[in-house]
Amino acid sequence: MGGGSAASLPPGVNAAVPMQDIMPPVKPKKGVIGFLRRNPTIAIGGFLVLLMVCIAIFAPFLFTKDPTALAPALRTREPSARFWFGSDMLGRDIYSRVLYGARVSLTVGFAVAICASAIGLFIGLVSGFIRVADSIIMRIMDGMMSIPSILLAIALMALTRGSVGNVVLAITVAEIPRVSRLVRGVVLSLREQPYVDAAVASGTRTPMIIIRHILPNTLAPLTVQATYICASAMITEAILSFIGAGTPPIIPSWGNIMAEGRALWQVKPYIVFFPAIFLSITVLAVNLLGDGLRDALDPRMAKRL
Amino acid sequence: MFAYVVRRVLATIPVMAIVALFVFSLLYIAPGDPAAVIAGDQATPDDVERIRASLGLDRPYLVRFGAWVWDIMRGDLGVSIFTNLPVSTMIRQRIEPTLSLMVVTLILAVSIAVPMGVVAAWRQGTWIDRAVMAFAVLGFSVPVFVVGYVLAYFFALEWDLLPVQGYTPFARGFWPWLENLILPAIALGSVYIALIARITRATMLEVLQQDYIRTARAKGLNQGGILFLHALKNAAVPIITVIGIGIALLIGGAVVTESVFAIPGLGRLTVDAILRRDYPVIQGVVLLFSFVYVLVNLAIDLAYTLFDPRIRY
Amino acid sequence: MALLEIEALQTHFRTPDGINRAVDGVSFHVNAGETLAIVGESGCGKSVTAMSILRLIPEPPGKIAGAIRFNGRNLLEASDKEMRAIRGNEISMIFQEPMTSLNPVLTVGRQIGETLRLHQGLSAQAAEDRAVEMLNLVGIPEAKRRVREYPHQLSGGMRQRVMIAIALACNPKLLIADEPTTALDVTIQAQILDLMRDLKHRVGAAIVLITHDLGVVAEVAERVVVMYAGKKVEEAPVHALFNSPRHPYTQGLLGSVPKLGSSLTGEATRLAEIPGLVPSLKQKIPGCVFASRCPHATELCTAVAPALEEKALGHVAACHYALREGALAA
């Protein structure tokens, strides 16, 4: 190191012996590749979610048959060239049913995530800004949160006719309290912030404060929460269908396919196996995406959970 | 302290009242005519009217609610539409398997998950940590019935180590009872283990950064003493809080697990009630589970002071 | 032979954006019963040096190299088990933050007794009795009651006394005190310093005192090591250092930097303040580490790192322009 060898130094000047590094150098990773490499969960989760969305959209073109076509002569066939994933008790092609089933799961997952976030955001904002409403709303939310969400959805489904819309509604109701609490928490903590205080003091109107200060800060945690809600909604949908309280049996959802395979699972495990794999992978993908988003959006929160 | 306990117990009353009001009101806020839905598609108008009357839907809302709450306080949860038995009797007959399943799962999950989370936090960034985190994500992602089927397929059908299905009452011996519960408990516990392991790891990571952990290390304590005495005791409050909140997962999962493993508990009762559209039974079970959930979390709240001397009431 | 000999100590940390060379080639020694102070601004590597001695640096992301000889034995080669037998027993440590350095969920008595049970194999009862003795020794009244209390029931000064009791419980040969008084009120600071001095005479331990407070140094230390940016820049007996500091950084710390142009601007002479910031330790600095802030820096300083040279008896400094006679040549 230094400016030159010892010989070239002026007389009387002693150079320190340079220290060697004791560990190999660090190469910082930058750019899109670096981002994906530092957040592998976003890359993997995002890819798998995209894949499932493509499968759902393009199901008719992926060598499928009519998922509801009955073939009583070809019941419970093992997986083969004709029935890639086998056939069920009514001779329907499980491969086609599983691919079309992606539509139901993803629809329910995304719809619940969007509805619950939107309604929860609204309730949370009202609760965070209107003191009078707050205690009443939060009492109700506490009460709702005390009912285990699957039971709440079951109770709601027992009172309505099975349809995809009603399933979405039932699961959404069960998820709203959590979102409201989250948003309310953010609002209350932001209201303590000096710059929000300043905005209030300088006469900024509440809608402006919400748009300028509250919403931008709510977006990150809400997105992460919505991802987790999407994942848990897909599981809840499958559970509801599996126990006969979900989508009507005629619709090929993953829960329904498994419910139909239930009686035969000891002898024909593949009927349960294929939808189970698809469901698990999809939920896993969404959860990975959620974890990755949380780590990337909120480094402080990343350490928790 | 005593005053706090009283206040805290009293505070759960409004929560329970709202749970009751909510469960009761579902009948009224559900879209469509619940009487017609419950009666089913083949029902005659007479059937629908009969069900409407038995659910009390023909009477004014508040009158009906008052009578219903009064009944509940006396332990009367109504009468099943299908069996005509009191719901409370039906629940009493089915409670043992569910209670057994949940207790075994709770013990199993806590004793697996907490050490897992502790070790993951201690070895943060290593393959052990990654494995625990991967397991946690999987636990959240694979639905309980899928875990149940996979476990039953291998451990019961292929390797014949444990019974496939069913339940043996505790009265017939500890081992036969436990044997039947191991697979369901693992299946039901997978999400719960994932949840507890994750919060344990996260809390421990935070605690391990604290100055008093450095002090403990400077004293010459070994890793075990640091992790399980100095750190874990400090991490206890968030962990037991999540253990309490997570009981909701156990309750929801029990319904499904009992179906997979043919355990004749409250979950089966619920599923059968759904298929028969036996709403009073569903209402009773939901109410019972919710109250249990509220009370367990109350107990946990009150137990905080055992773990943290700084918490004083 | 010195009690503690540190030779070319390097403690580096791996971070996402480069290697942090927190300590980079520091050597010094501590004699038995002596008090050595290590001074410098925050972020200069003092605390990391202290933590490295007991190997309390998490590895990874950290790594320690060089040699730390305690009674002639290189601690960097000791096993984990051997290190644990030394920590809290032969070498113990007091930390800066008395409010957070005690475990909030364990009683004071348990935290003092723990080391005794661990290193001296005392029974629970004997350890508690000794804990009461220790609390008396460090001047905590009602020791019998206090041993059963939790840290949050004690004041900051009391907690630091408890920390000292823990550190001295096993009669260590070396006590490392990392900013022991910084977080305390001035009056409490003086009490704690008195206590440390008093106990040092009674126990006979050597002390490594880490501080940025030169007043504390003048009061208790016999020799001083000045650190800057992970390096030792000067070392001298305490009087020599205060009377004739050789390194411009030390002069800056002592507030004796000639204020060029201060008479022109009419600016009042301010208390010891060195303009600029400690350089990032993630970049290698080719020349003198202090060159970027040094009022006397020349091209030679930015190009060639100065070696540590003995400028007077027992007085070394790493500066090209610090002459043996004292004043700066430049």
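Letters A, B and C name the chains as they come in the text, with residue numbers starting at 1 for each one.
Simple rule for what comes next: a residue touches a chain if its C-beta (ideal position, glycine included) is under 8 Å from a C-beta of that chain, and two chains touch if they have at least 3 such contacts.
Every value quoted in this text rests on a predicted model; they were computed, and no experiment measured them.
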| item | value |
| --- | --- |
| Of all other chains, the one whose Cα centre sits farthest from chain C | B |
| A-B or A-C, whichever has more C-beta pairs in contact | A-B |
| Inter-chain centre distance, chain B versus chain C - centres from mean C-alpha coordinates, in Å | 53 |
| Inter-centroid spacing, chain B versus chain A (mean Cα positions, whole Å) | 22 |
| Centroid spacing, where centroids are CA-atom means, of chain A and chain C in whole angstrom | 50 |
| Residues within chain B bordering two or more other chains | none |
| Chain A-facing residues of chain B, complex | 14-19, 21-23, 26-27, 30-32, 34, 37-38, 137-138, 140-146, 149-150, 153, 157, 164, 198-199, 202, 205-206, 248-249, 251-253, 255-256, 259, 270-271, 273-275, 277, 279, 282-283, 285-286, 289-290, 293-294 |
| Footprint of chain A on chain C - complex, ascending | 8, 10, 12, 14-19, 21, 24-25, 63, 65, 284, 286-287, 300, 303-309, 318, 320 |
| Contact set on chain B toward chain C in their complex | 125, 210-212, 214-222, 229-230, 233-234, 307-310 |
| Interface residues, chain A side, partner chain B - complex | 139-140, 142-144, 146-152, 154-161, 166, 169, 231, 235, 238-239, 242-245, 258, 262, 265-266, 269, 272-273, 276, 279-280, 283-284, 287-288, 291, 303-305 |
| Interface residues, chain A side, partner chain C - complex | 1-4, 9-10, 13-19, 21-23, 25-26, 28 |
